[in-house]
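You will see two complexes here that share chain A, one where it goes with chain B and one where it goes with chain C.
On to the complex of A and B.
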């Protein structure tokens, strides 16, 4: 029974993952990715990793909501009414994806990992807690400090200006060739790089 | 058998994610490809931990680290997208071609 459910969820997570790049709206793509993550969380719950599974579901639900907001901000095709295809180097990408999937799949099929399932009466959540605040405490705390640094970095990167005004005020980017034109967007004809409508004809 | 199915699913997710990360022009969609690859890694870790490692607690720790990597990738990724958009009005990889130089 568990095997069947796990198989179905694995198929569902791959299918929704594939839908991410097939749907016509980026919001739909974001929710498709959320379903894929939720299926992985469900597999975790089924395979006796309740904490990891539930944490995945919660975290990804929130993360994909945030992602959907960014999608609306940067989206070129809000309603998904037109076909959306914004791809480059398509053949190479398909080839790389297929080669990666087939290579990893062959490695899975050719190897024989040991069969050593979790005991059904093991208290895995308590074990995880003892591990996090015991032998692996340094790793756990490092992850926490890294997340703090991420928050600070994200705010600095995305804030409009620093405490003393724009950091690049009066600066000119270097030319692409010696003594050439300054690189980057010209200040006067703003919106030059605004190729929003590249993909949907 | 279950482990094989799970690992095959993870391999497919990583392949799809690689395709997306390489082929999408929009930064946001490109990041979804990266997330999809991390999703595959998470799936493989859960499968290995549950069926092959006998519930070693370090396996769950690795899954938690992958989740932290996802959060960091998304936060810094979106901050970079916003910063590039402020500077260049760019939201497609083609618009910042000067980075090639």
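On to the complex of A and C.
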């Protein structure tokens, strides 16, 4: 029963992973990838790793939501509903895909993973906690602090306010037609526009 | 036992949702939706548009399935019950986003983006509150969290928990000050271009999510099924009903501010508050 479920989830993982490159929108691609990871989380739960499995689903839901928005923002695909291709650099990606598939396939076929079944009464969640905050504390905390620094950096970079004034100062929205008038509010031409606020920190 | 628990989950969700809709005085409005024709927008994402209300309802049911209806008995008796609830919260954001994105229309899309911007930072206090509730129990299982409240409820020893979680509940159910998805100021946002049975189902799912989230709040802060004389499920229903009424009242009483100001409140006030809450709860639990 478990074997069948794992097989079905693995097939779903591959199919949704393939869908990521076949759909025509950033939002659809992101959430196809999310479905793929949800199936991976399900496999984790079936392999007696309930915390890692469920946490994978949780993290991927939040992460793919953020990713969908960032991709729509940076890919000039307004709202993510305009059809666009999800594949590029065809030759390089085919080569990378073949190498990765052969490498991972060889790793699976040539390695002999240990057969170490989890005891049914083992408290796997508590053991994972002891491992993460015991022997693996250094790796865990290093990864955690690195991610935190990344997040703080991303927030600062995307902030409108900066030490040299607002990030959008002097910027103009694109025209409604090619070389046309800028969309939105008209910039004022009075003396106010040349008056700079803020310090010279 | 499993059949009984499944019936309890479905019954609570169904009856609770009907009562929530009645409390909001919208029974006639929703029943009228069934007679209405469906609006078609230009080039929608049909799959996600049709599935979003179903996902919302399913997430409410999945969230309620980890809630113990009697001490030691939950439909989904998982060692990581509270993480499963957190997963339902995160997937709810995705569902509301897809509900607004799929119709391919301006107001739903504005609602979807506005909601995501507000709801993602709400996840952080939510996680801190839930982790803090797990600290005295020394377990992520909701059954253990209920057991840890035999002497004193979490609402008393973690006073910041319930107010912070109230914000999470209002966000998950698109209510009052946290309703940035379906608010009147953008013509009901993600639901603006939806009518007929799909719209009715979406409103029912919102009501069901309020029941589910209130049941979880009752479990995490008020000892869930624990109580004298009456059987466990009855205590859970009483506490859930009281919390549903309280959250609905809060949603009606508090005004909604602009998304940008709410974003500042969330990051600058509520996030440090939830850090503080976790620190205090941790010290008390030690």
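Assume the second predicted complex is superposed on the first by the 147 of 201 C-alpha atoms of A that agree within 3 Å, B and C clash if a C-alpha of one lies under 4 Å from a C-alpha of the other, contacts with A are read in each partner's own complex, and residues count from 1 in each chain.
By definition in this document, a contact is a pair of C-beta atoms (placed from the backbone, for glycine too) under 8 Å apart; a residue touches a chain by one contact, two chains touch by 3 or more.
These numbers were taken from a predicted model, which means no experiment stands behind them.
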Touched partner set for A:74, first chain B, second chain C, both or neither: first
First, second, both or neither for A:51, with chain B first and chain C second: both
First (chain B), second (chain C), both or neither touched by A:153: first
Chain B versus chain C as contact partner of A:114, first or second or both or neither: first
First, second, both or neither for A:37, with chain B first and chain C second: first
Superposed model, chain A: greater residue contact from chain B or chain C: B
Contacts of A:166 with chain B and chain C, given as first, second, both or neither: neither
Chain B versus chain C as contact partner of A:66, first or second or both or neither: both
Shared chain A surface residues [contacts with chain B and with chain C]: 51, 55, 66, 124
Chain C residues within the chain A interface of the complex: 43, 45, 78-80, 83-84, 86-87, 90-91, 93-94, 97-98, 101, 104, 109, 113, 116, 120, 123, 139-140
Chain C partner contacts - residues on chain A that touch it in the complex: 25, 27-28, 31, 34, 50-51, 54-55, 57-58, 61-62, 64-66, 68-69, 79-81, 123-125
Residue ranges of chain B in contact with chain A within the complex: 1-20, 22-29, 32-33, 35-36, 39, 42-43, 46-55, 57-58, 60-61, 63-65, 67-68, 70-72, 74-76, 78-83, 85-96, 98, 101
Chain A residues touching chain B - in the complex, by the definition given at the top: 2-3, 6-7, 10-11, 13-14, 17-18, 20-21, 26, 29-30, 33, 36-37, 40, 43-44, 47-49, 51-53, 55-56, 59, 63, 66-67, 70-71, 74-76, 86-90, 92-94, 96-102, 104-105, 107-109, 113-119, 122, 124, 127-128, 130-132, 136, 139-140, 143, 146-147, 150-151, 153-158, 160, 176, 183-185, 190-196, 198-199
